[in-house]
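By written order: A, B, C and D. Residues from 1 in each chain.
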Amino acid sequence: MKAAIIGTTGYGGGELIRILANHPFFDIHSIHTTRDEKSLSDEYPHLTGIFEKVLTKIDTEKIAEEADVVFLATPSKVSGKLVDSFFREDIKVIDLSGDMRLKEPDSYKAWYGHEPVGDSILAEAVYGLSEWNREEIKSARLLANPGCYPTAALLGLAPLMAEKLVDPGSIIIDAKSGVSGAGRSPSMGTLYAELNENFKIYKVNEHQHIPEIEQQLSLWNGEDVKVTFSTHLIPVTRGIMATMYVKLQEELDTLRLIDLYEETYNGHPFIRVRKNGVFPSVKEVKGSNFCDIGLHADKRTGRVTIVSVIDNLMKGAAGQAVQNANIMYGLEETAGLEMIPLYP
Amino acid sequence: MKAAIIGTTGYGGGELIRILANHPFFDIHSIHTTRDEKSLSDEYPHLTGIFEKVLTKIDTEKIAEEADVVFLATPSKVSGKLVDSFFREDIKVIDLSGDMRLKEPDSYKAWYGHEPVGDSILAEAVYGLSEWNREEIKSARLLANPGCYPTAALLGLAPLMAEKLVDPGSIIIDAKSGVSGAGRSPSMGTLYAELNENFKIYKVNEHQHIPEIEQQLSLWNGEDVKVTFSTHLIPVTRGIMATMYVKLQEELDTLRLIDLYEETYNGHPFIRVRKNGVFPSVKEVKGSNFCDIGLHADKRTGRVTIVSVIDNLMKGAAGQAVQNANIMYGLEETAGLEMIPLYP
Amino acid sequence: MKAAIIGTTGYGGGELIRILANHPFFDIHSIHTTRDEKSLSDEYPHLTGIFEKVLTKIDTEKIAEEADVVFLATPSKVSGKLVDSFFREDIKVIDLSGDMRLKEPDSYKAWYGHEPVGDSILAEAVYGLSEWNREEIKSARLLANPGCYPTAALLGLAPLMAEKLVDPGSIIIDAKSGVSGAGRSPSMGTLYAELNENFKIYKVNEHQHIPEIEQQLSLWNGEDVKVTFSTHLIPVTRGIMATMYVKLQEELDTLRLIDLYEETYNGHPFIRVRKNGVFPSVKEVKGSNFCDIGLHADKRTGRVTIVSVIDNLMKGAAGQAVQNANIMYGLEETAGLEMIPLYP
Amino acid sequence: MKAAIIGTTGYGGGELIRILANHPFFDIHSIHTTRDEKSLSDEYPHLTGIFEKVLTKIDTEKIAEEADVVFLATPSKVSGKLVDSFFREDIKVIDLSGDMRLKEPDSYKAWYGHEPVGDSILAEAVYGLSEWNREEIKSARLLANPGCYPTAALLGLAPLMAEKLVDPGSIIIDAKSGVSGAGRSPSMGTLYAELNENFKIYKVNEHQHIPEIEQQLSLWNGEDVKVTFSTHLIPVTRGIMATMYVKLQEELDTLRLIDLYEETYNGHPFIRVRKNGVFPSVKEVKGSNFCDIGLHADKRTGRVTIVSVIDNLMKGAAGQAVQNANIMYGLEETAGLEMIPLYP
């Protein structure tokens, strides 16, 4: 299968290259940029001798003609326009931005601050939370790849939510992300000297991933769910940890929680549930497509603490995008994604 | 005033040296260790030429005879024994460990796992949360310096708790600390290669600072308070952020919250309340004794998010210890503590 | 004495604020920027409550009228123009850029790539390597504050060069700097995600500090000296280490070298020479104005290894600038500069 | 082919697992430790679900009977004893320590400080600098895998040395390493709080890799070579950069140097020579087996600067060990080693 990648020079695009360049079934047919046409290895010297294709301008017709699937590693708004161009073409689209994730156009407008894509696109777009939406993904033509924070949060909450075990008003998600999530565009706030030896909270109660999380939680819960959601910047390049706090509708101890999670995720190769008393750290998934989960029920307070970690560029972006592409093409879900975490 | 320091080679002890070596009123009379007698600058070469005293063994009688105040920068259990030795001597004791903080011996035993100090010591020990206990601190002879996490959490919650505005069952404290809090003893878990590019959660619902936080919150609240409290390791050397979530008994918007905090902390030079929409980051207090606080009331969920940051070695340990010593001796609270945060 | 600071929002300017805000003799009269007029604490929230002056536009006449000394923490070229404006005014100028350092206009043009300041300015400018030019600095009106790399390299080489003990063709300087030296302007190369877990070499044999180092070494040596000079970026915020390799004209063992350095720097409070077998690390000077030096003569190869470390924002920029200001005004050289290194 | 690994819990052992667990021809038959017998994933949770073998005690006879090749990822001295045990058995040995690298027993004793292995072992051991010793490696039974620093330095110097183009008395190697090279045993010097925001020089002119580098350079040069060699700790987990300075016997400009290197390394898939004006950084090889090289001839000083970077755990240890195993078994040199660098 021939893949085209748009937005290749960002970190998400670079990670797609790392995965697809060694993928057994996908072939990177072309790479595109709105910036200068040059060899990608001039932009990313670590690819020297490994991947030497030249970046070209975005010609949607030509791409649709030549490629089977296009990955949009472009920012919100840019993706929306591209989806629009590709919509009537015969090509599958996997969009890593937030532009097709929210089913409510008004919600998109409120949280993203610009115009949503058209209703027909939203109607056809499938939300690609791979472990929970496999059937729909199989036949998707437009795939909305989940956000990094929503992936970590939803995979951690899903087994309890899907069983309607959570008090829907009790959910607090305290999320922490590595800096690569902020992208490769220069900005003062992401300079080394600003973030090193630092830890910041940002977009308090205002992050655009809030409606994405709530939309999926509400689907599972059957009624409207609101969450308190905080995002912090960790001085690491890769990694997200979501520390989550919920009250349950009935009491479950830690062992029963772990059982429930293990059963739920049985057969899902990228989800690893930790043993009682053990919690994952972000480095334990670095460079891999795993989502690792730890759990604890606190008898003193009646709250459950759920810890979920992913590599934001992998399971939180490019990795899950390829996992979804694998599902869409009926391949093994793990094809091209068997990287072992890089530790230490 | 002559000060003696015990446990000088740890990070807390080193920070006491940094402060007291330039303090206008305290003089470091002697420094002590259970390890080798040598010049402190052999252990800490950054002190070369600045502070060249020699470490000597701990002779409590001699120390009590010669010094006016002794700082115990020793670990829990070691501090307890030393407090016991100094108890009947004519010397003020400022203990940076947890050994005199919990008024309930059973609670101490349950959370710390060893025997508490005697009841008469606990009865006399004053909890040194400087901004909230100034009057008692003034006449204290035994001072229990607060833990690093409790300092950040309590200063952030206090204005609401003291006004009984918080639903006492709603408190969640998601705390993150730099690594210096783990001390200078070698351990695999705090090696550079383990923590760099990592972010860990530890002691989930089991941290010994939980009862310390709850004891003070219960005092303010008038009845028993239980909190959900998580601790994480950030890959930075210094800094704590406590992100806290509470429900209020009555609705207050962000501006009124900020007003309340500014009024409450008016006249307290080390507390800085951020403006609406602005939150502190840990580097903004690095190397200083400040506690910076940011607030947001979320209308969607009815929860308030409180962010409190300190330098764990300063306001979370040595800085607050010296602030308390200043209070005990009737000095300006800021004496010797006017360091500007080291940014970037 | 009243000081004005231009270029306050950069890291060098910020460090001048940190020093001068607590300086016993200088008063920060005004701060200036080419950007928005706003409170400096809006740009640097760590200054909240400590230093609340408002940034104003640069009005050289007004500044010259009101202030006694102006610190230019502006980039090369901008400084040159400002020096020009201030030249005929009755005000002392301390320039942290490279615009007045090179006595040869052609050399400046070749290495900096734009026009030098006028000859009369160059003739009057004094090179502010404090420990080696104290007499001239005392009466300077225009002070060219040394570059960060030259400060580390020259202080490390000086005792041997001044005694003409070095084979002038043998000098190799392998220098490593923290990232704050690159300034606060956004650029892709200094993003956190690019530099974290990285180590880069840059401007190989092309750094504009080469002629500055060679100019001073040639002065000491009496004839033309050329050096091999490499610069690397360390993933730390602050700190420079220059590792230097020289051949001597006569054999000296390590102990005699250390003696020579101790004698040479006797009475210079900011230079600390390490004992035999001990070498400084960059964190041992962090936040302070020290330059720490370690030495080793290798019998196997006949080469001497000299290691010199500074904090690039302190002794490498703002710290030395204030040290020079102290000398210019006949103050204690250490006034306002007694910060103890922040360790760990 | 069945592989046994001894010393699996260290970082070098962990990296062997990462490579061999996905290797197309080697099968990890058994893993061994001198410590507790437990599942490796209890020690390294990132391996959960990927590699779940149990660590067992070292029974050399059993290992020799069952496995085809044994990798010793054990420290110097421990390796020596194990090599001794395996010497008369029918098994190939690849030792990652320094115990079989030095052909001169006296040199080993002088630099390592303990007894060398026997002469017959040294006589049979082949030095595994893959790109330069391929023929001998093919038939090796005892393989001495090169040290991390020597690998970076030698691959960078080799094309010039092998052509006898270097003035043998002019070689200076200023090397910088990530912290994983120091291993996983707890020590104060490698704690996070000690190394973060730090940069250290260590073992000045005393590193045990000096004789290893000199032995190989002398072989190429035909006569005795001595080098000045410095080692520094960079605050990164992985990565070595060797910045090297040499004088040539005849003048070569940068372009001719690059030509020479490209020709020399043509057909060697793991060596990448950068273009004129471009230098590699350590993150460009992270997690991969590449050695990237940049070059510059400086007309001003007549010196050549050579920059060579590797991942110390890959090309500097486990990666090269597997590359050597591939050669020993006649496989493609790149088998199991096609990881793309993890960037950012």
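Note that a residue touches a chain if its C-beta (ideal position, glycine included) is under 8 Å from a C-beta of that chain, and two chains touch if they have at least 3 such contacts.
Here the structure is a predicted model, which means the values were calculated and not measured.
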| item | value |
| --- | --- |
| Minimum number of chain-to-chain touching steps separating chain B from chain C | 1 |
| Pair joined by the larger number of C-beta contacts - A-D, A-C | A-D |
| Centre-of-Cα separation between chain B and chain A, whole angstrom | 38 |
| Centre-to-centre distance between chain D and chain A (centres being mean Cα positions), rounded to whole Å | 37 |
| Centroid distance [mean C-alpha coordinates] between chain C and chain A, Å | 45 |
| Sites on chain A at which at least two other chains make contact | 11, 180, 193-194, 196-197, 235-238, 283, 286, 344 |
| Residue ranges of chain D touching chain C (in the complex, touch as defined) | 169, 172, 174, 176, 193-194, 196-202, 204-205, 226-228, 230, 232, 234-239, 241, 243, 245, 279, 281-283, 286, 294, 296, 298, 300-301, 303, 305, 307, 344 |
| Touching residues on chain B, where the partner in the complex is chain D | 11, 178-180, 182, 184-188, 190-197, 235-237 |
| Chain A-touching residues of chain D, taken from the complex the two chains share | 11, 14, 17-18, 21-22, 44-51, 180, 196-197, 237-238, 269, 272, 274, 278, 280, 283-288, 292, 338-344 |
